[in-house]
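These are the structures, in structure tokens.
Two complexes come next, and they have one chain in common, chain A, joined by chain B in the first and chain C in the second.
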Partner chain A sequence: MSAAADAGIVVVGASLAGLRGAEALRRNGYAGRLTLIGNEPYRPYDRPPLSKHVLSGELAPDASELPQLVALDADWRLGHAAVGLDRVARTIRLADGAVLAYDRLLIATGAQARHWPAASGGALANIFTLRGRDDAARLRAALAQGPRRVLIVGAGLIGCEAASCCRDLGLPVTLLDPNPTPLARSLGTWIGGVIAECLKDSGVAFHPGARVLRFEGDASGRVVRADLADGRTIEADLVIVALGATRATDWLRDAGLMADAGGVTCDGACRVLAADGTTCPDIYAAGDVARWPNSLYGGRLVSVEHWGNAVAQGAHAARNMLAPAEDQHRYDHLPAFWSSQFGINIKAVGLSEGADSVAIVQGSRASRRFLAVYGRAGRSIAAVSFDQARWLPAYAEAIMAGSHHPPIRDASDQGRFATMEPGFPPPRAASHADEARHV
Partner chain B sequence: MSEDTLFSEVLDRANRADPYPIYARLRENPVSPQRDGSVVVSTHAAIRSLIFDPRLSSEDLPPSHRPPTGNPLKDWLLNPIKDRIATAHRPLIFRDPPDHDTLRSVVMREFTVARVLALKQRVVRDVDALIDACRGRDEVCLVEDLFYPLPVAVICDMLGVPEVDEPQFQRWATQLATALEPDARHDEASRHKTVAAFDAISGYMRALIREKRRRPGPDMLSALANPITTKPGPGGKAAMGDFDLISTAILLLVAGHETTVNLITNGMLTLLRHPHELDRLRADPERAPRVIEELLRYEPPVHFRTRKALGTIEIAGHTIRKGAPVILLFAAANRDPARFADPDRFDPDREDVQHFGFGGGLHYCMGAPLARIEAEIALVALSRRLIAPRLLADPPPYRPGASLRGPERLGIGINGIAARST
Partner chain C sequence: MTHPTKTASSRTTPLRVVVDLNRCQGYAQCCYAAPGAFEVRGHEILFYDPAPPRARRGEIERAVQACPVRAISLQADDGETP
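Moving on, here comes the complex of A and B:
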């Protein structure tokens, strides 16, 4: 055995995908050395509660540690970010200068929140992003101070959940988004309009079609207002920037991999591709950071920033890492996410991107309790439920089977089908960061 | 015995003690059409898929129709009105969305952790008292002497029914439980008795609800009868009307009664057939949750539920035609070798035990947490307090029901009763 083989498996990224991957390695019988590297000083924790129960104060920021389902017997390197990869020498360099050898590598570094540029006010005090436990703790503490007005920039899932929590706390909230409705990119404006109504009912001042140019601060460097592109200004003493995330691939800049801010490109079996398109047999990727050809969507390269994908792909990559080259299983995954906001439990399956129609198949939009299915070229491609999740598995099956749109007739609680224009905003100007974005 | 009459074999009382060989034959055909037009679904994969299929309706009961009484006023005026009300306000187990969802969410909001935990203390006391009462005997019947009264007492407590009325509730619950059996639906005499019990309990509930509005208590019925609407708006938060409130209260009583008795008695029967597991539970009560989950797979309290196909459904190479009654044979799926390794083995250490013991999907048992607590307390107490327990008859005699299947009597020989554990 070479020296490298003694190095064992290194997992870079100690969050959900990394943890579930490491557990799957052990569960599948891997008994060698196992090292987990995490840039945060914490054991793996769950992120979904951060923008919900943690903000509302129902859960302490440090109370969402993930249960460990298998004894890992691992070497934890927490609080030490990986800063470089040398795949010829098979080593990883950490921020503290340490160099770790690996035999096989699982990249699960996830994503990082997009920050507001310092040049236009991003460095002012009381401007927050929300991605990690520390972010949530800082934001929670600031909200508890009772700001006069909270301004949230970006009405995606995080922005809307934060708005919902802030209203539950009784704080005045303004929410801005360049699109006509909230959740326009993930659900389209027709369904997003339902959340727009919720925002209105709960007293959130929602400004669609709004772009922030810069934030301005007072003499002490605290944010006091936002200047919008249309000339308006909005007074706010606390700002949450919720503009999505970029994949944490900076540390791979010189590694010669097919990696950029949109993710690390893999083959269908979670094996990372080198810059020349060849497969790296000893490097795998899983979770938010991975971008792979999804066979359910015609082999399109997708990356999925959702909880279920981190769990499934982490385990899948681990399984393949231990299998010989001729026994690599393809990773087929129907993306799914959930959100809770304004008292509504939202669950979605599939990729709605490119949808050309949407139909309510059960319930009604007026009752805010419904199941809607998205179609593209006559096929069902995605579904979303508002307080109606129990039937979602049947629609997920129909989507995986490539059923026509709308699928499933003669359901209970089914009115007459009317297919609507889903109203997705046009794709953003192509930047690397956005190319493969799902949300 | 031909394939298309297998389900009548399931219903046959002669097969009550061991229906599992028939289930195995049914599973050979995951979707098995029966001569009477119904379809039996018996594999884990097919049930899991159908349980989430919105084309399966739970509104499969014929409209309520009271038998003629000879009194024209009743037959032509009162009873048709009662029938219409009964049909429109069926308990939510027989309702589809959206009504089902509204009603269920109202109940679930009241089925709080605090309420269930409060009942836990009561269950501990009751179980110990019931076992204490068997002191000095060398034979006990687990059904009659011990557990038949327990679940109704617990539900009465939860709902806020005065203790003096519990015996009456026991009788109503017993009669109404027969309505869940498919063959009882066609038996005129049984239907007559069920209607009478239903009218009596409805009248009682109406009065009790009035009382709960006058003097609300901490119980669930008080909470349901005096709703506080916190979130108005088009979210379907409308409170439950009185007719639905009555049918819901009755449902909680009926659905939680014999099912829980079955879970406990089938559980003890199984443990006595596997004495090693009984010993292990006695030595380590922490095993109870594992034991109970495996029991819910191995000897579930409800063997099947029926649905109706609202549309044509293609599944596992079969077509279920629109309108067909669909029998979801949960107990067969729980023994599906394609899903569970060595499925006929009782093994609480199984890692994978995704059973249908509480059904699944939209109508998943609302009382599951309470049932688990009652079974855990009862089985642990029995394992620790019955000295040298042994079955007096194996198999024991069963009650008639093929769906709500459980022993009618479960005689156990003992060498005495041990003191309460601290």
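Moving on, here comes the complex of A and C:
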């Protein structure tokens, strides 16, 4: 084979983590060749508006291209996926046959929506998933046709945001989830119950504890109903499958890395680990695709599928990529996300998984304006705000500091806050790392 | 292969704005500076136009400056034009 083109530092995945990583390389003084590879034919764009203002029709699907904050002077390879990594030859193969030699590599391929299997109706027309700009454009166009009923499968963040948008559009909506409340995995059922009330008030038919077995279509191959495990059927002519995402690591199958559908495993400095557990000194990962031991959570392997992590980890990995082996900074990250739905601004910090109690420390659950702190074994580990964002930074600091749970009231003679059972569903059988996901 | 096009920002390309909504505290200073591009809904949901027209650059720059937590990013004109 002829010599591969020298591509300098290569970033695979041209989205939020890849862009912010590339910018940080330049900001930290890297003046050599820089190549960004992305399988989508677009410059990096922002995904959060897709499940909010794009579905509601307020923003065009192509409105959210991300600002570039530094002149990148990069070679963009857009529209072709990376399909293979050869660590010995230090090359990346693209779907169009091109082979690029990298000097150092940043893996930022993110995640992809989990699709409904074709064997149980997933290939029928008018069944959608939502991850990228094209998905949002297709779904928006279908919603604008005025479906008789939208069925949303999965009441995570994206499922609930979509339900909220569909109600704003005046469309009848049914929302299904196997858990007792929406957002059960990210916030627990006690707080998730607040969103269940919002669903009810806004006219969404929410079926907790429901599992879809299969979708059925009409003669033209268009979805008409869902059959549930409990024998019920739900008529719907548009389905949104919002069952989360798997990490985009297929292209690394033969690369000999510690990578699977749950992510690429890194050390604490964002350096990728080989299958034998040794560190790859010139390969880093950041964003949704990365899984790393988070020292804020006792060195547990975590992956964080939220916007703030992609920004911070992209920049952090880039900084380490340019630093010598003895000057690698550890990536300590307090996960955070926001969501807006049913007119409420939800913001959270920390990893709530494994919480054994939760306490409201500002406002009240009944008013739907509150700040709640989650605890585990007497320490504060996470907090969520419903329209009380101004209080969140103080609790983020308390969590970083490992403060007591429940927190002490300002006036100490008032004692501690009352705690509740947070109500987290049991962990998924197959998961071996903690995940914070925007699904 | 897509090469970067380093043309001068044309009048038709919109500005590119993103707000770090983890940082944003919903205090709405940006909305006073650039009412056409930023809006607070409900108690504290910030809605903004990620692609405002170029004619609004002055307003948007004032919004960037007005934000007490520096949550707003705007692509510089000398940056690479996508």
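The rule we apply is simple: the second predicted complex is superposed on the first by the 416 of 439 C-alpha atoms of A that agree within 3 Å, B and C clash if a C-alpha of one lies under 4 Å from a C-alpha of the other, contacts with A are read in each partner's own complex, and residues count from 1 in each chain.
We adopt the following convention: a contact is a pair of C-beta atoms (placed from the backbone, for glycine too) under 8 Å apart; a residue touches a chain by one contact, two chains touch by 3 or more.
Everything quoted here is computed from the prediction, not taken from an experiment.
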>> Looking at A:V70 after the superposition, I want to know if it touches chain B, chain C, both of them or none. Which is it: first, second, both, neither?
In response: second
> Looking at the overlay, what does A:D387 touch: chain B (first), chain C (second), both, or neither?
Replying inline: both
> Between chain B (first) and chain C (second), which does A:T174 come into contact with in this model arrangement: first, second, both, or neither?
Replying inline: neither
>> Quick check on the superposed pair: does A:R369 touch chain B, chain C, both, or neither? Answer first, second, both or neither.
In response: both
>> Touch test for A:S51: chain B only (first), chain C only (second), both, or neither?
In response: neither
>> Let me test your reading of the model: by the given contact rule, A:S357 touches which partner, first (chain B), second (chain C), both or neither?
In response: neither
>> Quick one: is A:G343 in contact with chain B, with chain C, with both, or with neither? Answer first, second, both or neither.
In response: both
>> Residues of chain A touched by chain B versus by chain C: which partner has the larger set?
In response: C
> Once the shared chain is lined up, is A:S15 touching chain B (first), chain C (second), both, or neither of them?
Replying inline: neither
> For chain A, what residues appear in both contact lists, the one with chain B and the one with chain C?
Replying inline: 343-344, 369, 387, 390
> In the complex of these two chains, what residues of chain B are touching chain A?
Replying inline: 49, 52-55, 57, 59, 96-98, 101, 231, 233-236, 310-312, 322, 361-362
> For the complex, which residues does chain A have touching chain C?
Replying inline: 43, 46, 48-49, 53, 58-59, 63-79, 98, 307-308, 311, 336-338, 340, 343-345, 347, 369, 387, 389-390
> Inside the complex, what are the residues of chain C that reach chain A?
Replying inline: 1-4, 15-18, 20-22, 24-26, 41-45, 47, 49-51, 73-76, 78-80, 82
>> Quick check on the complex: what are the chain A residues that touch chain B?
In response: 201, 343-344, 362-363, 366-369, 387-388, 390-394, 397, 408-414
